[in-house]
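One chain, subunit A, links the two complexes that follow: it is found with subunit B in the first and with subunit C in the second.
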Partner chain A sequence: MESLLHFARGPLFRLCFMIMLLGLARILFLDLWEAYRAYRKAGDKKMPWRLIVRRGLEWAFPMKRIWRNPQLYSFVSILFHIGLILVPVFLFAHIDLWKSAIGISWPALPFRWALWLTISTIVCAAVLLIERLSVKAIHSLSRGQDYFWLILLLFPFVTGFVCANLKIGAGLYQFLMLVHVLSGDVIFLLIPFTKMAHCVLAPFSQIIDALAWKFPPATDQDILETLNPNH
Partner chain B sequence: MNRVHNTKIVLWLITGLAAAIALNRFVFGLGATTNLNDEVPWGFWIGFKLSWVALSAGGFVIGAIFYMMKREKFHSLVRIAILTAFLGYSAFIVSLIFDLGLPWNIWHMIIYWNPNSPLFEVGWCVMLYTTVLVLEFLPVPLENTSRYATVRAFLQKFRFPIVLLGIMLSTLHQSSLGTLFLIMPRRLFPLFYSHIIPIEFFISAIAGGLLMLAFETLALHWMYRRTLETDLVHVLCSVSVWILGLYFLVKIGDVALEGKLGLLLDGSWMSYLYIVEMLLTTVIPFVMFVMPKWCANRRVQWIGTSIGIVGVVLNRIDIGGFAMRDATLWYTPSWMEVVLSVGILSTAALVFLFIIETFHVWDIQPRDPEALSHTPPFFDRVSGTWLGSPKTSALTRHTLAFVISFAVGMALISGKRLHAEGIENVTVRPASGIDTLCINGNRDSQFVEFPHQAHIGWMRSGRISSVTIDSLHYVLGAGADSCIVCHHLDVPGEKLSNCWECHTSMYSEVDFFRHDWHASASGANLKCDDCHTPGETRTGRTARKCTACHPSYTFADTAGYGPNAYYIPSYVDAMHKLCVSCHTIESRVIKDKPNLALCSTCHRTGTPPGLRAGMKWDVSLPRFDNVVLPTPVRGIR
Partner chain C sequence: MKTKVITEQGRDKALATIKKPEVIERQKLNVRYHIEDLDVNDRPRRFLEAFAAILKHSNYRMVLDHFTRVTARCSRCAVACHIYQATGDPKDIPCYRSGLLLDVYRRHFTLGGMIRGRITGGGYITDEKIEEMADSFYNCTACRRCALECPLGLDHGLVTHLGRYILSEIGIVPRALVVSVRAQLEGPYHNTSAVPVPALKDTIEFLEDDMYEEKSVKIKFPADVEGSDYVFFAPVSDYLMEADTLMGIASVFAATGDSWTIGTENFDAINYGLFYNDRIMERVIKRVDSEARRLNGKQVLIGECGHASRTAKNFLPTFCGGSDSLPVLNILEYTHKAWREGKLKLDPDVVTEKVAYHDPCNLARNRWIVDQPREVLKSFCRNYVEMTPKGEDNICCGGGGGAVSIDEIRSYRMTIGGKLKAEQIRKCGCEILVAPCANCKKQLRELVEDQGLNCRVVGFHDLIYKAIDFDGSLKVQHEEDTTLDPGKYNPGRPSDGKGK
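Now for the complex of A and B:
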C-alpha cells in the first residue's frame, strides 16, 4: 500500500500533472492557431472586440445571467466552481507538498475555510448530480461525460475531507489517501482531453464564436452556386 | 503507411522525452542527469557529439568536390550536404549548452583568449564555420522572397571565397578535435592513443561525412517514396572506399610502427573494442563497397553506410570516453545522457525535414503526402473527430506525441523527491580517531581534522569566547551544558550520539522523522489525532513535540530544522553549519590565529604524515587534480 501510494504521488502524479499542464497548453495553442488561420482567411477582418469583452465578462461574472436561468442551478454551479478551484490550489497540505518537492509556496486557505469549502463543494456536486438526473431539460442535454465528471470530482473531495478531519486508523487513512491521490491523477490526466479543457478555453470562446461567423471572401457566391441550381 | 508522418511521430516522441530530461538537467544539474564524475568528466556525451561533427564533414567535402573540382553531377547533393553540416554543427553547439557546467559562460572564449588550448581553436573554428555555413545556406531560404534579392546576389557573388573559408576552417578543427586527445597519452588506452590522432580524425571525418550523405539520400528517398538516384549514392560509396582504405592503412600502420600490435591481440576488453571499431569503421564497409557489383546494390548500400556511420560514432565515443584509462570502472552512461543526445539529434532531424519541405533544398521539393491538397480529410481514430486542415492535423498529432513523451520523461526522471534523487547517495561513514577526529568525507586524501578533546577543554575552560557560547545557545537553542551544544539530539537509549547516526547521507537531506512510517499500519500505527490537534490544519506546528512520546530525546529546537521539519540537513551541510557558524563568530574576536571560517584552513590537500603509513593506497601516484587513483589498476598496464 505504502509503495503504491509513493508511486501514485511520485512518478504517476508527475506524468498526469505534466500531461494536464502541457496538454492544456497544447490545445490552447492549437485553438488560437486555428483561430488565427481563420482570421487570416476571413473576408471581413473587423472583430467586435467590445462585444467580445463584454460577453466574456458577463459569462465570467454572471450577475445578470444568474436570474435568467434556474436560480438554484446557477448558484450551486458557481459555488461548486469556487470550491473546485480554491480548495485544491490553496489547501495548506497541497502547498506543503509543493514546497517540499520543488521549493515553491504560496498563501494557504485558513483551515476553517478549507473545511467549509470542501463540504460546500461536495454538497454542490450532489445537488448538481440530482438536478441533472431529475430536471428533464437538463437531463436530455447531458452526456455520459457530464455524470462521469461530477462523480469523479467527488472522489478526491470526499476522501480528502475524511482524511483531513475524521479520526480514522492508519490503515483506512492510507487506503483513502491512495484513492484521493489516484482519483486526482485520473482527473489531471483527463482534463485536456474532455470537456474540462474549458478551464483554459473558456476565456477565448467569445473570440472563437465571433470568428465562426467570418467566412473567406466569396463564400456567399459559392453557397449561392451550390444551393441555386439555376445560378 | 505514411512513412514521413510515422518518422516524424517517432522523432517528436524522442524530442519530448529529451525535453523533459533537458529540463531536469537545467533545474537539478548534471549530477541528477548524467553518470559523469570527477574521474570521467567526458563520457558518452562528448564522444557522441564529436561524431556529429565528423558526420557533418560532408558539407565541406561536397563543397570542395563541386565548387573546386567542378564535378557537376554532385549538384543535387550540395544543398543537402550544407544543410546537414549546418544542422550537425548547430546540434553540437546546442548540446554544449547542456554539457557545460556553466553554459552561460560559453561566450567567454570570444573575449578571454587562451591560444595554448586546442579547445580554444576548436571553439573558434566551430563558431566561424557555423557562420560560414549560414552564409552558404542563406541563399536557399532567400529564394522564396524577392525582398532580400540584393543580399542573395551578394552572397552568391562571394560564394567561392566563402566555400574556401569553410574548407579551411573544417580542415583545421576536424583535426584539432583529435588534437584535444594528444594531451592524454597516459589516460587514453595505448591502442587508441596515437601521435597522429589529428590526422586520423580528419580522414575518418571525410569518410564519415560521405557515408552520412549517402545514408541520408537513401533515407530521404525511402521516406518520400522517390526513385533513387542510384548513381549518386553509388559514386559516394565508391569514393568513400578509397578514404576508408587509407584510414585503415594509417591506423594499422601507426599501431604497427609504434609497436603496439601485441596489444591488439592480447584478448583484453580494449583490444576487442578496437577490433570491433576497426571492423565497423573500415573493414566491413570497405569489403562491401570495393566490389562494383555490390556497391551498386541498394541493400548493400543501406547496410554498408549504416555500419560505417556506426563505426565512426563508435570511434569518437571510444576516444571520448570508453578508451579512457579505467573509465569502465567508474562510468556507464545513464539512460538520460543517451536520450538527451539522441533527442537533440531528432530535433535537428525535424528541423531538417521542415526545411526540405519548405525550401528548395532538393532538386524536387518533397511534400508530406498528407499535406497535399488532394488527400481526403483525416479523422482521428479514437474520437472520430476531424483534426483540421492537413497542416493542423499533422500539428495536432505531433504535439500530442510530444506532450505524452514529455510527461513520461518527467515521470521517469527521479523518485520520491524531485531534486534530491539525482544526487549520488553516499552513506556517511563515521569519522576515525579518538581525541582528534579525522573526518574523511570524500574518502580521498583531503582529511579534515577536528580536535574533539581540545574543543571539550576549550568549552570547559572558557577559552571559547562567551560571545560564541551565547550565540551558540541562540542559534542551536541548546542549554548551558556544553556537550548538548553540538550533540543536540540522541538516538533513543544513547547519550551523546555521533553526528553520522542521524545525518546518514553525505550530500542529500535525510528524512529523519519518517512521517509515513509513523502513520502506517506496519510502522508506529498512529492515528492522525494521536499527534495532531483535532480541528486544526495538520502541520508540524500543530503536532505534539517528539519528546511527548520519546522522553529520552534531548532535542534542541533549532531554527529551521528540528522536530517540526521532516528533513534534516545532509552530513556535509550539518558539519559546515556546526563548525562554520561558531568559527565565523570566533574569527571576529580572535585575530591572531588562522581564520577557521575559511574553507582552506580545514580543507588542506595532502595527508597528515602520521596517517599516511596506514593508508590503503599509495598517494604518491600521479594525480589528476584531486583524484587519487587506486594502485591495483585492472589489466591495462
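Now for the complex of A and C:
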C-alpha cells in the first residue's frame, strides 16, 4: 500500500498534472486562437471593453450574486467554488506536495480555516447533488457528467477530512489516503476533457460573447454560393 | 428578482386565471405556421448543409466551440427567462434551448462528438429534432436576459439567433417576417408595410398641419434634403400608427435647429434580418447605409425602435465600412443631449399621471440606453415610478425577436410571453407606460387590452410632444413668417441654411 501511495502521489500525480496542464493549454490556445481569427475577420473591430471587464469582474467576485434568486442555490454554489479553489491550493499539507512537484511554495491557510472550508465544501457538494436530483429545472438539464463530477469531487474532500481530523487506524488511514490521492489524480486528468475546462475558459466568456456579435462583413454572397453552387 | 419557478399546479392556475378563453399551452401551440412545405425527409441533410455553409463563412464556430466546452448545466438561467417562468416547462429553460443546437454542433461538427456518436449510435439529427428546434427557437424572444444570469457567459439569445438563421436557410421561418422582408427588399416601396412614397408625403403633411394647429408653430418634416446632419429612419409603422411619436421627434428638431431629413427612397428602419437571417440583415442594413450616403448625411438616426437601433448601431460598422461607417444614433440619445444642453423646454404641469418607463431589450441589455430617457422623463413627469427589475436587467415585453409581428401567436404572447411583464406593470401601478420601441408598443398595448391592465402605452416622444413648450419668439416668428427655418428657432444659434 505504501509504495502504491508513493506512486500515486509521486509519478502518477505528476503525470496527471502534466496532462491537465497540457490539455488546458491546448483548449485555451484553441479558444483564443479562434477568438483571434474571429476578430481578424470581423467587420467591426470596436470591442465594448468596459462592459466586458465589468461583467467579467462581476462574475469573478460574485458579491451581487450571492443572494440572488434562486438564493440557496446561488449561495451554495459560490461557497462550493471557494472551497474547491482554496483548499487544494492553500492547505499546508498540499503545499509540501506542490513544493516537491514544482519546487515552489506559498503561505498556507490557517488550520481552522482549512477545516471549515473543507466541511463547507462537502456540505455544499451534498446540497448541490440533492438539488440536481430533486429540483425539476436542474434535474431536467443534468447530464451524466454533472452528477459524476459532484460525486468525484466529494472523494478527496471527505477522505482528506477524515484523515486529517479523525483518529483512525493506520491501515484505514493509508487506504483513505490512497483514495484521496487517486481521486485527486483522476480529477486532474479529467479536467481538460470535461465541463471542468471552464476553470480556464470562463474568464474569457465575456470577450467571446462580445466577439460573437462581430460578424465578418459580406457573407451574404459567400453563403449563397456555398449553398447553391449553380446559382 | 423574486419570482420563483412556478410549479405544475401554479402554471395551470396561472393559465387558468388568464381571461382569454382560448388559452394556448405551449405544447399544444400550433407552430406549423412557420413551416413551409418541404420534403420532410430531406430536412436533416439540408439543415446540416446550411449549418456547414454558415459555419464556413462566419464566426459562429468560435462561439459554439467555447459554449460546448464550458457549459455546466447549472440551470441558473431558468430564473431569468420570462418564458420558462411562465410555463415552468423544462424545455423552456434557456440552457436546454441552446443545448438543442449545441448538441447538433457537437455531434456533427466536432471530432469528439462524431466519435462518441458513432460509438453510442445516438445524437444524430432527425426531423423531430428540427421540429423541436423550430418550436423552441421561436418560443424564445431573443431578449438575452438569460445571458446576464449565466455564470459561464453563455449568450443563449445568440444561439437562438443562429438556430433561426440555419432554420431559415431551409425554409423554416415565420411567414409574417418573410412577407415583410420581401416587401422591403423586393417590393416597389422598399419598406416592410409597403407604404407608397405619396402616402408617406401625405402623412407628413398631415402631421405638419396637426402640429401647426396644436402648437401654433409651423414645423417641417424635411424629406430628401441633401447634406443634413441626420438622416432619420423610423420604423415604418410609426407613419401609420404613431403620429405623436413622430410629431415629438420633429418638435425636438425644431427646438434644436439641427438639420435632419427623411429619405424617400428608404425610410424604414425595420430590419427583421436580426430575427432570422444574417444575410437578410446585411442586405437591409446596406440599404440604410446607401440611403444615408445618397443624401450625403452625416449620421444615421434611428427612431423609436429597439431592434432597428441595435441592428444599425452594431451592424452598420460590420457591413458598411468598419470604423469608416457613418455614426449611428438613437433618437433617445439625441433628445437626451438636446435636453441636457438646455434646448428643450418641457412643461412640468402637463403630464401629471403616474409614468413608468419600459426598457426595450435591444436598447437596455448592453446598457446602451438606460439612464438617458429616465433623466428626461423625471425632469418633467412629476409622478415618475420605476418598475423592477429595470435597465440592463429588464423583463422582455414578450414580443421580442419578431414574435410581435406574428399575429397567429397573439395568444401565446399574451398568456406566456407577456405574463411576467403584465404582472410587473400591474405591480408598478403606472397610468402611462412609456415604451420607445415600435415592437414593444404593439405588444404592450395588446397586453393592456387582453390582460385588462389599467394603463396607456405611449412612445417617449409622445410625452415630449405633449410637454414641449416653444418659446414666444418662435410663435411670433411663425405669425410673421409661416415657414419654419429650424436655425431660427434658437435665438443666438446661427442659421446654417440647412434643413429647409
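Following the convention adopted for this analysis, the second predicted complex is superposed on the first by the 209 of 231 C-alpha atoms of A that agree within 3 Å, B and C clash if a C-alpha of one lies under 4 Å from a C-alpha of the other, contacts with A are read in each partner's own complex, and residues count from 1 in each chain.
We adopt the following convention: a contact is a pair of C-beta atoms (placed from the backbone, for glycine too) under 8 Å apart; a residue touches a chain by one contact, two chains touch by 3 or more.
None of these values were measured; they are calculated from a predicted model.
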Combined model on subunit A: subunit C and subunit B, fit or clash: clash
Which superposed partner A:A93 touches (first subunit B, second subunit C, both, neither): first
Which of subunit B and subunit C A:E34 touches, first, second, both or neither: both
First, second, both or neither for A:S142, with subunit B first and subunit C second: second
Between subunit B and subunit C, more extensive residue contact with subunit A: C
Which superposed partner A:D209 touches (first subunit B, second subunit C, both, neither): second
Touched partner set for A:A218, first subunit B, second subunit C, both or neither: second
First (subunit B), second (subunit C), both or neither touched by A:E2: first
Which of subunit B and subunit C A:M18 touches, first, second, both or neither: first
Partner chain in contact with A:I104 - subunit B first, subunit C second, else both or neither: neither
When the two complexes are fitted on chain A, the stretch of subunit C hitting subunit B, from 110-118, 308-316, 398-406 or 488-496: 110-118
Set intersection of subunit A contacts, subunit C complex versus subunit B complex: 30, 34, 37
Contacting residues of subunit B [partner subunit A, same complex]: 20, 388-389, 392, 395-396, 399-400, 402-404, 406-408, 410-413, 415-419, 516, 519-523, 525-529, 534-539, 566-567
Complex contact set, residues of subunit A against subunit C: 27, 30-31, 34-35, 37-38, 41-46, 48, 51, 55, 59, 62, 65, 68-70, 73-74, 77, 135-138, 140-143, 146, 195, 197-198, 201-202, 204-206, 208-209, 211-220, 222-224, 226-227
Complex contacts: residues of subunit C adjacent to subunit A: 1-5, 49-50, 53-54, 56-63, 65-66, 69-76, 78-79, 84, 88, 90, 93, 95-96, 99, 147-148, 151-155, 158, 169, 278-279, 282-283, 314-315, 317-319, 322-323, 325, 366-367
Subunit A residues within the subunit B interface of the complex: 1-2, 5-6, 10-12, 14-16, 18-19, 22-23, 26, 29-30, 33-34, 37, 92-93, 96, 100-103, 108, 111, 114, 163-164, 167-171, 173-174
